[in-house]
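Take this structure, written in structure tokens, and hold onto it; I'll ask about it next.
We just call them A, B, C and D in the order they show up, numbering each chain from 1.
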């Protein structure tokens, strides 16, 4: 019932310690500072390009607790730069609107109180227009900050902020899809035009084998990575094989036809309970329209493409499917071991397709097709800390570590992940019942 | 969890039987037809004036299940004319958009399936702009229909549609207030300017006595009334007295200070349970700001005016307050008996105040101040059918009768009721726990 | 989730003021005192006879929030005498166990805190055996109290306590039926033996007409009545007719066959929502067993008897049925007006049948068959205060008044009501969605 | 609301395939058969001894969905033998009551439909007495079966059944404690007598270090183990240290005093949400009684013993505590590595203490005190399948594998675990919010 919010506006100071930096900055820092300035503009403009077609209303409504309004994504990513950088690092910075600290904090306890997540859709003010102005205000200040050639740790925060923004670019798309799927009109985010179903049949399934090994996984060294991707550490590889491509819609249809959604012994106990409670009988967004399976996409309702990777399935479904085939999901160690030498290319958001693409043999650099892009691939690994993992100090340490419970790792990125955002060590994570992300699966098995 | 709607669009035909009318229309009908055309434009334009300041987002979000988005109100009232009049009565009428039949039906089972009430806020499309166009489309057609000088029953439906629209004008205001109260920024719907607290003290309380009588209540004869206002019938009046004005905020503050919200013996059992569960300790929209009670209004946060009628209290609170004073709420029979000879004037929405006004002795025509307007007055009468009540035939018969359960009658209109909409026989009704309407109370007692 | 109770044991003193009585008691009081002693033993022993067959476990489990464990009924009715009489009126009375004041208070706020209603089934201790001992302890003391020939107001409280106990006798039966119906074994409370279905067909339906009148309803004068049965007052009778018998199962089966449970226009809006949410498609306790309708009864699963009154229907169902027949439910005024001269006999609990009996023409004293007993008859009247009703002073004033919200009045008693408990003015009341009571209906209509 | 169960009684045949065994049984099998007969009687009698003091009501009520009634535990363990052994392996076996197959199946989908878990407490019939008779019936038959010197796979099932029964012995105690804690009388399951608080102060904390190693963990070879304890496999040990004893109540009190329950940065995000929602401010069963912390135990309310291991804390609390100390929980690999050479002794249920005992230096065989018994120790390891784990074939394969989601591993057994039941490889598992088990923690850290 109507528990109206209290209007309490917290004092948002003291969120990160003011730091003093050594006066002389290295040349390297200057170069990096310049490069980051370019990246900054590029990433921020990509967000603009993405959200440009949304109306004020499209950008304001929250379709479920898991999702956020597009406007909130636009403002929160901006708040990140303002809060963690401008307010402490840019002398004389004037905050755009002090109330935004409360409105657009996501979950940083150390920054202070925040607007409750399930009520993000109540904010018809500020308008989308005002949020664009907020972004311009912060962008101007950020560029001024970068011109000061700030210290490494500041530049690291900028880089974190840009990767953070890219994550929200993907979420903006998954959340808009969810919102539009709630509308009986099933509006399209982009025109459906370039998505003719491929004429070739689905790619054949083969397996790539891997020998026993002591491998190393996790991030180390140069290049950006989130804290949870490290420390790099040894891991035992037991002989296994990995499917040459993700599971396809045509295979999923067989699973359905064989009673996959009605056979309790295929399912984890929790999954079976949820599948029944929620009446699952097909992947999320699938609709049976007069006997034809269609699927709600960012390009409106479309026929299900049998040759494309199955998408919008939960971990519980992926796990049940794997059991049905008498195979299993890979561990994240196995996945990363297989991916570590793989070329980092695939169908990402910058292709503009915004739907998973049927894998075609011969397109990749070896026999693992669609390893990156298309659909996030569920692994059987719970999202836990790597050995000797320590969360970063300060509020940004809340970024990943506190979510290490009840979630599973997904790997490889999807067709709505910004190009260049993921890498072999990248760990995405969601609860096993979530289906609104672009999540699919690739089979593995013991050798 | 995300149960996305099925996209099923019902066949909306057959909703009301096509009727054939006699060719010759009486002069009286022509006159009435003309008058209704004027009323039509007036009422429809008042809606426009009311909602003009809302953004696309303001008009789209649904703040709770009880409330509807402004855009939905604008479209639903239009749907009413299109569905019950144009589609069956205007030859060659072209429906604006066939999907609107599903989207904007409120609760008319006989018209067909409809978009679920709790999901009205998911409709970011059609946009507010498109809804304005929808209204223009229907307005043009309605004026054409009225020019055909249609039969009495058609004119009756037009009149019903206009009164229906006025009800939604009030709901649009109560729902926007609720939405804006969810926003930590507490935006104002109208500027706060003309609402200085009156300097005179609160109006003194006196009582007006009524003798035993056999009275008649209910609507009969000329002029519009909703079906539930009749049939007119005898009712026993037992000697009673009625307070000269509604209960004021200053009196409510005394109730609070005396532990009114913490004393179970003052409350109905259901009310006590709900008051505790929801943490009630003051009227809805009141906030304690550093020791000062403020209240969210259509003009933003304002100090509570001690001399104004208390507003936004539930039946449970009103009943507890009356018990605290050792008085009682009036029955609807008593209220109507007292009001039947009273001048129909007061602080309605057309005053532009949009807040209850302190009653001032001598302003009314007799000693019952603020009987109409300011705040709806809870009566102790459950909303039931009058003797020999029959709901109208067809879908419009669902208007009132099927809601005759679990609600109490309120009388007199409020400061957000359109001027000219209510009358002495008018029965408003809400569940006893509802607080977002402009509801207050007036005390009564036995003699 | 596991919110364990706090173990707080309230101070149970001060619950009713100690009163001093005049020394000399009238002879009348002595006589009444003696008569009440006999009644006391009779009623208390009837409870014993009723519950004798229950095991410790049967008597302990709570099958839903609306129901209470048999043990709780046994203890609470005893607590009533202990709390409202012995502790203040019997010099030197030693409380059986001070913790029982907390455990067995139902809803008397003025007596103090109490064990939460939904957790009554957690009390495996005290055992059923201990509760029987508790009853003996209190019975002994009560008889000693009655020997002191106490004052009228004390005797009134004893009488209230006995009527209270009878109400709980009925509830004990309805609650045991509900409990046993949860058990897949469907155990029988009593042997099924005497319940052969009658061979004669169902009694024909006729109507009894009543003229317009100014009637009096409500209790006044001698004999016990609950406070809510008064004050006696005038009421307008409009010409109406009343069915000669309750609605029968054979008629209900027609309603079902005609889609009664699938036709929204027959239902109140709230009722339709609940019927769908809970999947109602037949009266409560009915089960389709291989095409035959059976019903869970206090004598185990039995075939539905077409000639018997329908039982275990909610107000919502009764109202929908009446609308299906194009009739209506009677008001409580009409019911009482018709019943006021009727012989107070029928199939009550003391018949031992414990199921509604098919009405047989000629058995009653006039043409209203089964008016008393068999099934409680829903009226269309919300349970409200009669004009000038004042609840009794002190804690017993919480008995009825505070429940006057959201309930409807039922009249006439049922086959599980103790013989001699009801009368023409008796008002039972339940929420419109409740079905576990022995509730049916009788049709009425305007003349 | 009252959704009464359907009374459907499934066909319980075909639950396990009838197997034919070779006629000649090895001598080894005969010996094992005899030994198992003795074990059978011993374990079954221990259950009897445990539950002997419970009343019919104590044994029937279900205090929450996570817990089961004692009667259900007694019947379900018996059902296990009847279903998986007698009905298919003992020629001419007469089932005790065919309805028990439905009533007492826990979660074996392959055996058929079952009484819903949350409604186990509705079964007041069969009575406790009848369940004891059921046990005798099955015990007689089981001994006859064992006299036939059945094949290995049958004997394995008997052994599984006995270990299964021991698990339910522990659950019976945890569930009775929970039930008694719901009763404001806080009854004691056993007399409080032998539990004087130790006079010596709490054991000092020291650390035992472990070098890097390639270790083996998991069960292999002789002796019973559950399927999830294997296969035995390599695991990398990184240098770490383990606390010499579990965390004690005195340390937990410091955590509380330091605001541990009010500091979000100590908590996992899910844990913080749950801790707030449920109002956690101390371990489960702790009550502040006039400023003294007491705890509900199987021996009634007792003062919290500062020197004893903290008990009834969730994973979320254990994890927050570890973060507060800047240490961490051990992984299950580390725990098992440390425990593998440790003497398997400790304070188990057969000590009769039924409460955790303060660890005393010098009592163990090395510096890891209370490693077994006292309290289950949360590890940081999600409960997942070991490499190459395959669930057993048939219905018993549902024993463990399908629960491998959303739970954490606990190790070492508790003061209510039957003596001889656990071992170093034993994996217990519960969801991270559960607190009614005897769960505590031991700190670890990296070296």
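As a working rule, a contact is a pair of C-beta atoms (placed from the backbone, for glycine too) under 8 Å apart; a residue touches a chain by one contact, two chains touch by 3 or more.
No experiment lies behind these values; they were computed from the predicted model shown.
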Listing by label each chain that touches chain A and chain B gives none
What is the Cα-based rotation angle between copies chain A and chain C, on a 0 to 180° scale and rounded to a multiple of 5?
-> 180
Report the inter-chain centroid distance for chain B and chain D in whole angstrom, where each centroid is the mean of the CA atoms.
-> 59
Averaged-CA centre spacing for the pair chain D and chain A, given as whole angstrom = 38
Centre distance in Å when chain C and chain D are each reduced to the mean of their C-alpha atoms | 46
In chain B, residues with contacts to at least two other chains = none
If each chain is a node and each touching pair an edge, is that a line, ring, star, complete or other?
-> ring
A full list of chain pairs that touch reads A-B, A-D, B-C, C-D
Mind listing the chain B positions that touch chain A in their complex?
-> 1-9, 55-61, 63-64, 66, 71, 99, 102-103, 115, 119, 121-128, 178-187, 278-279, 284-285, 287, 289, 296, 301, 433, 435-436
Quick one: in the complex, what on chain D touches chain A?
-> 107, 109-110, 234-236, 238, 264-265, 267-272, 316, 380-382, 384-385, 387-388, 398, 402-406, 432, 446
